[in-house]
Amino acid sequence: MKVESAEILLRVDNLVKHFPIKRGIIIQKTIGAIHAVDGVSFNIHKGETLGLVGESGCGKSTTGRTILQLYRPTSGHVYYNDIDLSTIKGEELRKMRRKMQMIFQDPYASLNPRMTIGEIIGEPLVIHHLADKKGTQARVEDLLELVGLSGRFYNRFPHEFSGGQRQRIGVARALAVNPDLIICDEPISALDVSIQAQVVNLLEDLQKEFNLTYLFIAHDLSMVRHISDRVAVMYLGVIMELATRYDLYNDPLHPYTKALLSAVPIPDPVAEEKRHRTILKGDVPSPVNPPSGCRFRTRCPIAVEICAQLKPEFREVKPGHWVACHLV
Amino acid sequence: MTQPVSLENNEFGAGGRPISVKGESLFRDSVRRLARNKAAVVGGTIIVILILVALFANVVAPYPYAEQTLVDQNKLPQWVLSLFPTMKPYAQLSSDYFIGADYVGRDLFSRIIFGARVSLTVAFIGPLISLLIGVTYGSISGYFGGRLDNLMMRVVDVLYAFPSLLFIILLLAFFRSTFAHPTPGTFTYTMSQLDSASGGLLFIFIGIGLTAWETMARLTRGQVLSVREKEFIEAARTLGAKDGRIMFRHILPNVVGPLVVAETLAIPGYISTEAFLSFIGIGVNPPTPSWGSMISDGAQVIRTYPNQAVFPALALAITMFAFNFLGDGLRDALDPRLRGNQ
Amino acid sequence: MAELLKVRGLETQFRTREGVVHAVNGVDFNLVEGETLGIVGESGCGKSVTVMSMLRLIPSPPGKVVAGEALYQGKDLLKMSDEEIRHIRGAQISMIFQDPMTSFNPVLTIGRQVAEPLEIHQGMNRHQAYDRATEMLELVGIPKAKDRLGDYPHQFSGGMRQRVMIAMSLVCNPSVLIADEPTTALDVTIQAQIVELAKDLRDKLGMAMIWITHDLGVIAGLADRMAVMYGGFIIETAPVKSLYGNPSHPYTLGLLNSLPRVDKDINRRLESIEGLPPILMETPHSCPFAPRCTYVKERCLVENPPLLEAGPDHYTACWVDLETRSYR
Amino acid sequence: MRSKFFVLAGLLIAVSMILGACQPAAVPTPETIIQTIIVEGEVQEVVVTATPAPVVKPEQMKVLTLNMGPGDIPTIDPSLGTDTSSIQIVAETFIGLTRQDEVTNLVEPGMATTWDSVVNEDGTETITFHLRNDVTWVRYNGSTVEQVLDCDGNPRIVNANDFYYGIMRTLAPATASQYAYVLGMSMVGANDYNSGETDDPSTVGAEVIDDFTIALTFIEQAAYNPAIAGMWIAYAEPSWLIDGDDCTDARGDKWTETGFFQGYGPYTLKEWVHDSTITLVKNPFWVATDNIPAPKIEEVTWTMLDASPAMAEYEAGNIDTVAIPLADMDRVKADPVLSAQYVVAPDFCTYFYGFNTQAPVVNDVRVRRALSMAVDRQSLIDNVLKGNQEPARWFSRPGLAGAPTMEDHPDLGIGYDVTAAKAELQSYLDEVGKTAAELDLTLMFNTSEGHRKIAEAIQQMWKDNLGVDVKLVNQEWAVYLKTIKGADTPQIWRLGWCLDYPDANNFIRENFGPNGSANPWKDGKPFGGAMYNNPDFFAGLLDAAREQDPKVRVDKYAALEETLVSTDAVIIPIYWYTRNTLTKPYVTRTFSTGGHEYIEKWDIDMDAKP
Amino acid sequence: MGRYIIRRILYMLVVILVVSFITFGLMHSVPGGPFDKEKSLPAEIIANLEKRYHLDQPLWKQYLSYLNDVFVPHIAHEKPKGLDVADDYLIDIKITDTFWIRWMNFGPTFSSRSRSVNDIFRQQLPVSVQLGTLALIIAIIIGVPLGIISALKQNTIYDYLGMSIAIFGVSVPVIVLGPLMIWIFGVTLKWLPPTGWGSKPPYIFGFLPTNLGWDYWKYALMPSVALGLGSSAILARLTRASLLQVIREDYIRTARAKGVKERNVIVGHALKNSLIPVVTILGPMMAGLVTGTFVTELTFGIPGMGKYFVTSITNRDYPVIMGTILLYAVFLVVANLLVDIMYAYLDPRIRYD
């Protein structure tokens, strides 16, 4: 575990992202919104890995993209080293982008199939004028070696590579600009089990070597637990619980976290036999019209009246352990 | 590096195939796949031959296309007569013309060869114009989205409501007449000179281009919209790429494939539009031969001299076959679902 | 217990432009009444192709079952007439597929699709079939099942769709249910629901199951026996506890070690299996896993091991005893 | 859902079939017929009490089918007709005061049995027409032709008032008759009335003397005045039908539609399916005269087909006479059956190329003459046109009153003469110091297959015979007309001319006189077209029109033609039209030269008809 | 859905207005007028004609009054007499004996003195619609089964044969096919009448022929095949491609796994899905067929709408140009709307609101 007092690299303050739903043929008007992210706050310390878990549609990917200003936030702020990213734009923002990079979920869709590996990894260098042609090639070859690929792949095209290899290429591209923060958006969920470990190990190694900070977005709780220092659990656009991985997994406070953990299968028949499982009922409600009060109340096994009326405060119940639940 | 990664194992790429020493682009991959498609190869070969024939028409054709020998009109060689024995009672034979002469004694074969110029120009320039306008329009609309997209698509809707053939006729009448009274040095004069220099094709192109681009624009927009959502576009944006770079380096290269295929498959349509215009008498200027005008000339004498309609029609049909085969082949070759190892 | 299914020497090949892909290379397994067999492997290992070959659902061309037999209650499915096997499919052996979205016909109502097997195999009329379909849908936990018969697949959530899929496959009371990665596309809480449902129904209805998955966790609590596939071969098969407790093939061991677990050793570095799973273009003359194997010995490179006994009812296709590191 | 769709489609088809089956069979027995007619596009049912027509078995009925040419007939209103199709129908359903023999073009009695001419002091000519009194207005009522009754129940007899009405309706500005100008330029006061200068009808030189006498006054004495009085624009028209009266609903613009139409000619309108067919039925009330016999053919139908489809129909036996498409000429001539049915008839039209006599290069008469003499008209006819046209040596087609003929003027005009052409051109070239190839010449024609073929062939002749490269430009018709009648008139242009009335005046003067059709003027100067200004020529035109002695008149026109085509070489006369027709052997017919046939003179030999 | 359709219809009106504006502008920018004849008319005659057709008014006035005539509903207090071709409304609805609502007066045509543009629409358009519809039906009858056979027998001789027929269909223009058919079936074999059309006004619902017996079909057969063949080729290719894609879908495997008969797999499960894209092009195709009948009409001597447009441009018959373009525009837009509705109807996943 890293030191709590380490400097804060990224501060997300009450971040909201709504996607308007528009209708109309000539004149479009907004008739509603998808509440993808609905008031999310957290910090990421330099050098740490913050895991962000949740089921599909909970807004975890949107959070990552909004932090990077790929989507402009509806409200709220994202401070990177105390620079409010949500207010800057244009050239300024473009420069800031060097500091933050992203690794994408789909290794097939995240590499431009019409560009060579060299062009893909070298592109950030070209964009930011970081190297000349020769320097670019040398740097790209270095990066390729760094992520475990041969520098000779410089002129090849993504479709010749397997999923894991492509994900390595994605990592190399992210590393090209020497970023401080990398948002890993489900980087391993599309990969085979034996390949997942390769990529995770690579990420861990790189973090150590370059003192990288990760926001690790995933739905696989066991992998998040493995890689993260602290973990935030999201549900319907809201963070339900945020704690160190130790606290979260050993002493989950929020009923949703508990349910999630109990749903994770364990590759051990003996352990499985002994487990008591909390099976959540029903599906995640629509983010267009999220439930009032606590977002989780419709599926919560312990919900009471107040849960429907009042949105629970996201509070620190124990040092470093934040929960949004009335009943904790 | 804290952990040695065994490089040998990574010499194998997708599907366990060894990664080639030289990078193979999707383009090459597609070409390779295209080359395996026999029909497409045949189609492509025919088109290449046609292009060569059109380019070197002066060399290939036995006669100039406009040379009339009035006494030889409608004459035909023996083998054509055997093919259409109905002509026996009145046909005049002459072995000077490979497939016969037309109503003013011009060599049909030479005219078909020169006609390939017009038809192929239509086949290539028509789509080019509509691609140019359509892709520019569609990609701007699709890429920037929002209000602009909405506005631009409404314009397309209006154009879409025009019955296209009728619109072309109206446009041609407009162009041909508006630019008919030229004063040298003006824009209209230049246009009309260009038009007559191209045998009347220029305005046909403009007419076709103006009516055909909107389909292309819609298609492009759709493609751009779908590519725009791809993660590599987001990746480029996180890297700090500007709109222009994203457009030209990332989006366009990924949308041209389907567009080119769509245009290839639309080519027969362009050729037949030209034929239609020739039929109603507003096609290319005489004596410039086009297959369309030859077919419509020939169709009038189809009962008397069927060869004058059948051979140009055959040339057209073969070309259409070729473009269709090539188009189908291209589609298969560029189809992303067939890429890699299924 | 009576033997329901007996598969021997099943071989399936696919003709592709690059050559003939040997997807399944002589697979043997048995399934007895009421038993749950888990088939585990990474993508491309031939696990789906195995069961599809058995039911002759391989698209042909390009696929072709080239050898082997699949005896169902003593009759070879592979040699039956089209009409005979049609009466087996859906009635006695039915299947659940991975993606509940694409596996339903989008333009037909749920009622029609669920009732269809009844009309085909039990000669029910539309009315009877719909009644029975309603019962079945209720059984799998679709609320207000009767009202939802007229709905289309897209009107159901992913989890609900998979429930409907289960209802559809069980509606004729088959003796074998084949589930091909039924939870892969689902969120972890929903996955837990479906697994529980499957267990529940198996206990109620007493059918045998073949559960195909790449997730060693999901199957641990569900299967009686396990078969691990690699490169079109079953490389290890054993009762579930024996397999997890005492993996005797280096690939199985590697897989288990590459998984992070929520219940154990938090700081363990994941052990990855380097390299990529093979796609076989010809019958291998060496162990297909040999290039990635840390235990590899000379014999592995010249002779492909058959399934060897490694314990009670525990077979493994490896020349090497992992504990002693000597030839078995 | 699929099934629903198919059921619906099937139902529609079934309903249509039942409806189809319910159509009454065509048995002409019932006494009361409910006739469905189309009126203004609406279906109206008219109850008609009819005495059953004499039973003629359909296969014995003399029915003739002809082809009119593509496109709907613009109108069958006499005041409005401008084209041959319209006039063909009008000429069969109405009869003018006078009438021309369709072959000889001699003026003969029409509704007027006799007429007297008086030349007034002011030089105007008054012609008094005496009408016959035995012709009644008729209409087809859905089953038979019946007489039109007036409000007292008497048959309406065609009289002088009807003619007066017809003439005045043509001239009324609101009618906007295009051919009103023919009356306008020949009848006293007609132009002022037509242009709205005055709205007093009495200023027009037309006067009803009594019910069967009408007097028309013409601006100048001319040989062709009785012919003009016999033109369709001066036919009698049913005022009660058009404007309405006490017992008749006004039908306005729609009076010529099926169900409304009234006429008095040998035939009357039975049915006009727009753009498809028009059928005339024999008028049983027509009292035959020497030159307008009672019709023998019961029904005449014109189809409106393009030449090629019409030819196909002829060969399939569905049309009785047809114009041969050029394309089929070789085949027809070689075919033993068809060639026997082939007749070439003259047609009063001339095809010519005009010069802009003020444009560069062609402003020199030598060049014009050279170009004219270099056209091998016979070769063009034999090789391109193939319709046995006659090579034109001058403009007014022989056969017109006043026009010279090849017999009486064998050496008149201009013809193919390469040597002379070369000499003329050479003399010009020597003067300007250029070679033939350097001459910049453009020939413009309106976009059309036929014109193109001719232009291409002549272009080649000029190249072969003179070494001149002439550029071909075509323009779409409306634009072309604007071009050749404006300041940008090209050096050489194409036009054709067909007769309105059979007189040389209609050709040479109305085209090349000041502000003639092919020689438009503006502000007293030539503007467009031939750009031709030769006062002597113009004076000669007036003089020839007045000439009463037919022989002298021909000589005068001959001299004018010589000026036009040779001395001044304003135009290149190319060919005189012919009609190449096929007629089934069982049809007895005449061949009109003026464009419209008199079907009442035709017959069908039912025994010879297969 | 209802509101969606209403909105679409309102939007359609806007589109049609814009189309009318562009057409009007374009049409009047083409030099030459409707009364330019070979025999040039005296100025007085032209003046009379222009006055009659209101062409003497400024263009903007002409346009506005055109809009007023066509788009604005009018009220009449007695039964419209229809004496004047300029006073002919396409829609005349009787409310009471003294109250008539009249809408859409497309004006007179310059080509005929006794008919209005509406008369042309009433009498000629039904023929084109029938021809277009029959061609579409022929196209479907030939194209869809051809596509299905080709797809089911992919890469066999049937497939190649079917697709060759299909390409032949697109490649041989009506200009050639029409005269050939007339020659063979009309003149030589005398099976079918070479030209003409088997129905004439009145029409049921304004466009359906009153007889559908052999007397109708013998005329309709050749032209609709000639016209439909090209479209049948497009349908065949589309059906083939679509079906090939659909039979690779997961749900087809599901159906097989349920034990559905192979025939039912194709008919019950694959066909409907694969016909969705096919159905959606039927709208534009129908519009294309109805508007593209010119050559066929001329070749087969059919009294349809097609030639009116072509000749109206040559003749500067402004009301006909305007009328046809507007009508066809409405037709196209409605066809597109119908396709969208059809799409939603066929594919339950699509919902508009």
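A, B, C, D and E label the chains in the order they appear, each numbered from 1.
Just so we're on the same page, contacts are C-beta pairs under 8 Å (C-beta built on N, C-alpha and C of every residue); 3 or more make two chains touch, one makes a residue touch a chain.
Keep in mind that this is a model prediction, so the values were computed, not measured.
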Where chain A and chain E overlap in contact partners, by chain label: B, C
Selected interface, D-E versus B-E, where C-beta contact pairs are more numerous: D-E
Between chain B and chain D, centroid-to-centroid distance (C-alpha), Å: 46
Whole-Å gap between the CA centroids of chain C and chain E: 55
Mean-CA-position distance for chain C and chain A (Å): 32
Between chain A and chain B, centroid-to-centroid distance (C-alpha), Å: 48
Contacts with two or more other chains, residues of chain C listed in rising order: 274, 276-277
Of all residues in chain D, the ones touching two or more other chains: 308, 312, 476, 478-479
Interface hub residues of chain A, defined as touching at least two other chains: 26, 162, 201
Chain A to chain C touching residues, read off their complex: 55-56, 162, 164, 192-198, 200-201, 204, 219-223, 225-227, 245-246, 249, 259-273, 275, 277, 279-281, 283-284
Touch list for chain C against partner chain E, complex: 52, 55, 57, 59, 82, 86-91, 94-95, 97, 99, 102-108, 116-117, 120-121, 152, 154-155, 168
Of all residues in chain B, those that touch chain A in their complex: 1-3, 5, 7, 10-15, 17, 19-26, 29, 147, 150, 154, 230-232, 234-242, 245, 249-250, 253-254, 339-340
Residue ranges of chain E in contact with chain B within the complex: 11, 15-16, 18-19, 22-23, 26-27, 29-32, 167-168, 170-173, 175-176, 178-180, 183, 187, 230, 287, 291-292, 294-295, 309-310, 313-314, 321, 324-325, 328-329, 331-333, 336
Touching residues (chain side chain C, partner chain A) in the complex: 42-43, 157-160, 187-193, 195-196, 214-218, 220-221, 223, 240-241, 244-245, 254-256, 258-263, 266, 269-274, 276-277
